[in-house]
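You will see subunit A twice below: alongside subunit B first, and alongside subunit C after that.
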Partner chain A sequence: MCEGVEATPPGKLTAGSLPLSALGITVAAVICVALLSFPSLGGNNYQLRVASTLFFNVALAVGFWAVYLTGLLNMTQIAFVGIGAYTTAALAIHGHWSMWAAVPASVVAALVVGVVIGYATLRLRGSYFFLVSFAFLEVTRLFFTSFFKDQFGGTNGLTGVPRPPVLPVLGASVNLASPSGYYYLTLGLMLLTVTLIWRIVSSRNGLVLRALSQSDSLAESVGISSFRYRMLIFLTSTGLAGLAGSIYAYMNLVVFPTDFGLTRAVLVVVYTVVGGVGHILGPMLGASVITVLGEWLRRFGTLEQLAYGLVLVVVMLFVQGGLVSVPGRITKGSGRLPRSVARTAWKVRLQAMSSAAWRRRREE
Partner chain B sequence: MSSPLVAESVTRRFGGLVALQQVSLRLNPGEIVGLIGPNGAGKSTLLNVVAGVMKPTHGRVKLGDTDLTGKPPHVVAAAGLVRTFQAVNLFGRLSALDNVMLGSHLRFRAGFLRSLLPLNSNRRQEREIRDRALAILEECGLREQAPAEAQALSLGHQRLLSLAIALAAEPKMLLLDEPLAGLARGDQEEVLNVIRGLVGKGLGVLLVEHNMRAVMSACGRIVVLNQGRTIAEGSPAQVASDQRVREVYLGTKREKAASP
Partner chain C sequence: MDLTSLVQGGASGALLASLYVLVALGLTIEFSLLRIINFAHGDFYMLGAVAAYYLFAEVALPFPLVVVVAAVGGVILGFLAERTLFRRFHEDLLGAFVLSLGLAWVLEMAVVGKFGAYPKGLPPVVAGVSRFGQVAISNDRIMVIVVGSLIVAAISLYVTKSQVGRAMRAVAQNKDAAALLGINPVFVGTIGFVLGTALATLAGALVSPIFSVDPQMGVGLTIKAFVIVIIGGMGSIPGAVLAGILLGLFEGVGGIYVDNAQLAVLEFLVIILFLILRPKGIMGSAEA
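Coming up: the complex of A and B.
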């Protein structure tokens, strides 16, 4: 008998994700209560807006990560956010649909397009899938720019989305069209996304998804249909993207084609890479840190973009597992300087020494 | 147990190159058939055609009454025909236990939505998958390695793990692509013993292998391919004494096998 086997908790089935312990549930519950009560504890409007953006970005990053787990760099996600947003805006403006009808319709629209795109692309692998998904992102943006200008407004976008309604909640009323209303909307989106993806990833099928990124051929050889599983996780992510888009339309009350372009798609990749792909906390952490950092950097104007690039380079060079890997590195004691840093530091020191020697000689 | 694997006059062309020409093969439950031939003879192509990785240009592949010609690999696997790979092919960053649990996917697959619910039946089944995977690891002598990352195992253990994954899929027929390549002699014996044990339980095994000593000792029947054609078939003794086989293959290969 091997002790290691006995010591492996039942949660080991979750393949590298944390087991859902009592502690984990308690911590999650405390965080949820704290998040839910933040607006009534006197968060100001600015803070609430930043928090909404943060929740929205976390939801996108987690949805992206779920597909990434199967080995696909999926650039279509933002296109589906766009499809959700435009569906909502068009139905609400032209069709006078209520929010309760427009939101599900947007999710369905994203899913329908998702099925078609999934069938066409999910048999592709690696860079081929990446390129096709990237093309779809651009095509979708161009579609909203150039086609059905009466319905979608062309480059001017769609303005005048009706405000979301006032909801009676527990006797009080929550105005969804206020900063705290948007806070709750995006919080709901994030909690739904994180819970759903977490359940999938830590279920038996999550193990299958992880396996696909490591060896397609082996998975197929034991009867796993890689296409089917990629399709399921792709559609999950796509549906959530449609929902996010719908909420986006209600938050901004205007939608432009450029809102759903490459810039945003790349940002989602950056969130995920910076946060780390090893755990669901990675994309969550990455999206949170970069959103807050972005808000802070805004005062520096155009330098914002430069700073994003810098953060990405630094993380890729020195923290390859992403931010989420940092605590593990420190506790494991492998937190010594990466070789490249050490080498640079050594060169700098050598240079300093030689220039100091040179200066001394001159002074003599 | 009356469902043999039959490949009927399989031809496979790559453009102008004929990799397989009218090759037929029959594999009965409970027997080990060796498939040998020099490099480029078409062994791997035949294996890929049978396992559904490639479609044959002509010919059929059947398991019992089920026609598997041109079916995708996961469908072929579901029919009971499971293959291993020549190069080490594992879920490298998962534990050995996870690897084997994935192998039993066919038996234990769960609906995508159902697996999301915190059901007792899910939990029970997950425990069952785990226990079974551990039993298979035990059978392959890998019990101690269960929690180790697959990519961190020694080559011998990785080969055994490949076998364990294939076994977890509960195949009726097993196609092994050079399972002994790169192994020390002791490890080779270990792998061969596991294979012999399986055949005793009624599994059919097709063994593609370069190691003549192992093939001669393990297989009841040997098929020899050369340049995409079957040039000989029969018992190890018959094949070894066949003039054409000696010419294209055994003469040079024996000298190689003798060198360390």
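Coming up: the complex of A and C.
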């Protein structure tokens, strides 16, 4: 799946905010190779587990960010993760479907619901869309909690998802149900998400998406159907969320309605905003940093969640571009005057005032 | 369908309606003046209820004083939040939303740390139950409905008749025009935000003897208030009052026939239909 990143023709990428140079492609390739060989280089099970969570979160953050680019705060994503996970779990447990059938079925299920929701809501703007997407998140959770309890298990969730199979790869066999198996599954999810989203965002469509986030009516006045482009990116994000949900079911082997609630949805917002929305590296960086930080903060109990909230507030107040904007700020300076410039200006003003006062006194 | 249960449902609907209107009023005023959605609004309501728990159940202050203290606390908190956090996010819907999401998270988790994560109940303020024929309503509920309606009436009067209230409506209609006429929109916005927060904390304290107090009580109410603000028309005060009453009665009466989850799914469908058929809301004029 690394080839996807490399094979993208560089000419199409100039529309993105960071054109992929030969250096960029090399770095991406090196990172891909390093990531692929990490389990065989002796990453221990704990590290592999944290890495899987990290990849999963990066995939979610990038999917969320893509819709955010069109000016929509989309809270439905986690609901679609839930739909994917429940579809997989129900089909695998009740229908004894194999992984090869259950995973595509979950993506299709997410897409079908996504088309309906998209048609109903993507014409709405700003706060209206946010409200409906939020309500959809809650309603989906309630749906799995109290409808079709025989199929979905109500509050007890669905337990006993069969383990994913052992795959023969190049003569060797990869047990997908092992930590390194999950590592590869989530790595694949992340690379697929990043590649797909990057291709859309850095193509001409990407320019359109950015135009939409600036002004709908302006974009429509030059003949862009905002609805069509929003639908394209929304469905891409939705299908990927369904895939993520399916993988989630195979990783945890149990699914609960509360797995797909507000907490997780808010965390995805935190990843994206903390990392920065200006570039695809933002949500990737944000999700990585916060996942690792979260592992460390876990020992502090509720303080962990308190810290997420504080980080969100602090970033919104002081680092609005997020983490990815920090290098640029240091080299180029932020919108405000750097402190040294402000101080010099203040000194000049003080001198002028004092010399004016001195001159006045002398004239008297 | 028998009449008794219908009236009983109507009574619990009236209770919900007074709570919803109190909370949604603040949200809609904040939106009309600052063009922001404060996702932490319900958490101010939660803080009011938690304060009432400590002051009423533990310190045993008289209940009217508890409500006043909660409202004053809301004024102070609202002022601080507006000055330190929301001031830079006026008219920035996404930014203000993400910021307030963080604030809501912080408030909730801070309360979990001090108060504990589990619901706690308050003793009744006005003990006993009033009977009207076969319908029984606890006196506390009647107290909340009466006091809540009076406060809503007072706020509506304040906003329509007072100098500041008229300034608020001017800013809500057209900020630049209001500024040209010598109204300071930032100052009026601060007053509106403070008023909204105080209404939320007051509502929390007022209903604390009826609903159990817990740190997670705010989020659900924020969503409800948000629904009301949109159905009523973003920023419209009469719209919010009307939509709040409708939603409260709908839930009160609907609660007799279906369970809460089914009600929520039903509500969602109604909202979607509503947004597609009449996105401006009942009384809204401008699009957000």
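Going forward, the second predicted complex is superposed on the first by the 316 of 364 C-alpha atoms of A that agree within 3 Å, B and C clash if a C-alpha of one lies under 4 Å from a C-alpha of the other, contacts with A are read in each partner's own complex, and residues count from 1 in each chain.
Following the convention adopted for this analysis, a residue touches a chain if its C-beta (ideal position, glycine included) is under 8 Å from a C-beta of that chain, and two chains touch if they have at least 3 such contacts.
All values reported here derive from a predicted model rather than from experimental measurement.
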Exercise for the section: State whether A:Gln305 touches subunit B only (first), subunit C only (second), both chains, or neither. Expected result: second
Exercise for the section: Using the superposition on chain A described above, determine whether A:Leu253 touches subunit B (first), subunit C (second), both, or neither. Expected result: neither
Handout entry: Touching partner for A:Arg204 - first (subunit B), second (subunit C), both, neither
Key = first
Practice task
Examine A:Leu232 and indicate which partner it touches, taking first as subunit B and second as subunit C; both and neither are also allowed.
Solution key: first
Practice task
With the two complexes superposed on chain A, say which partner A:Ala177 touches: subunit B (first), subunit C (second), both, or neither.
Solution key: neither
Problem - Touching partner for A:Val269 - first (subunit B), second (subunit C), both, neither - result: second
Exercise for the section: Check whether A:Phe130 is in contact with subunit B, with subunit C, with both or with neither, and answer first, second, both or neither. Expected result: second
Practice task
In the overlay, answer first, second, both or neither for which of subunit B and subunit C A:Ser146 touches.
Solution key: second
Practice task
Kindly list the residues of subunit A that each of subunit B and subunit C touches, one partner per complex.
Solution key: none
Problem - Residue ranges of subunit C in contact with subunit A within the complex - result: 37, 85, 88-89, 93-95, 97-99, 101-106, 108-110, 112-113, 117, 219, 223, 226-227, 230, 234, 259, 261-262, 264-265, 267-268, 271-272, 275-276, 279, 287-288
Practice task
Could you pull out which subunit B residues touch subunit A in their complex?
Solution key: 51, 53, 72-74, 77-78, 82-85, 89-95, 97-98, 101-106, 108, 110, 112, 115-116, 122-123, 126-127, 129-130, 134, 143-144, 146-148, 165-166, 168-169
Fill in the blank from the handout: Seen from subunit A, its contact residues with subunit B in the complex are 1-2, 4-5, 7-8, 10, 12-13, 15-16, 196, 199-200, 203-205, 207-208, 210-211, 214-215, 217-226, 232
Problem - For the subunit A and subunit C complex, residues of the former touching the latter - result: 68, 71, 73, 120-121, 124-128, 130-132, 134-136, 138-139, 142-143, 145-147, 262, 266, 269-270, 273, 302-303, 305-306, 308-313, 316-317, 320
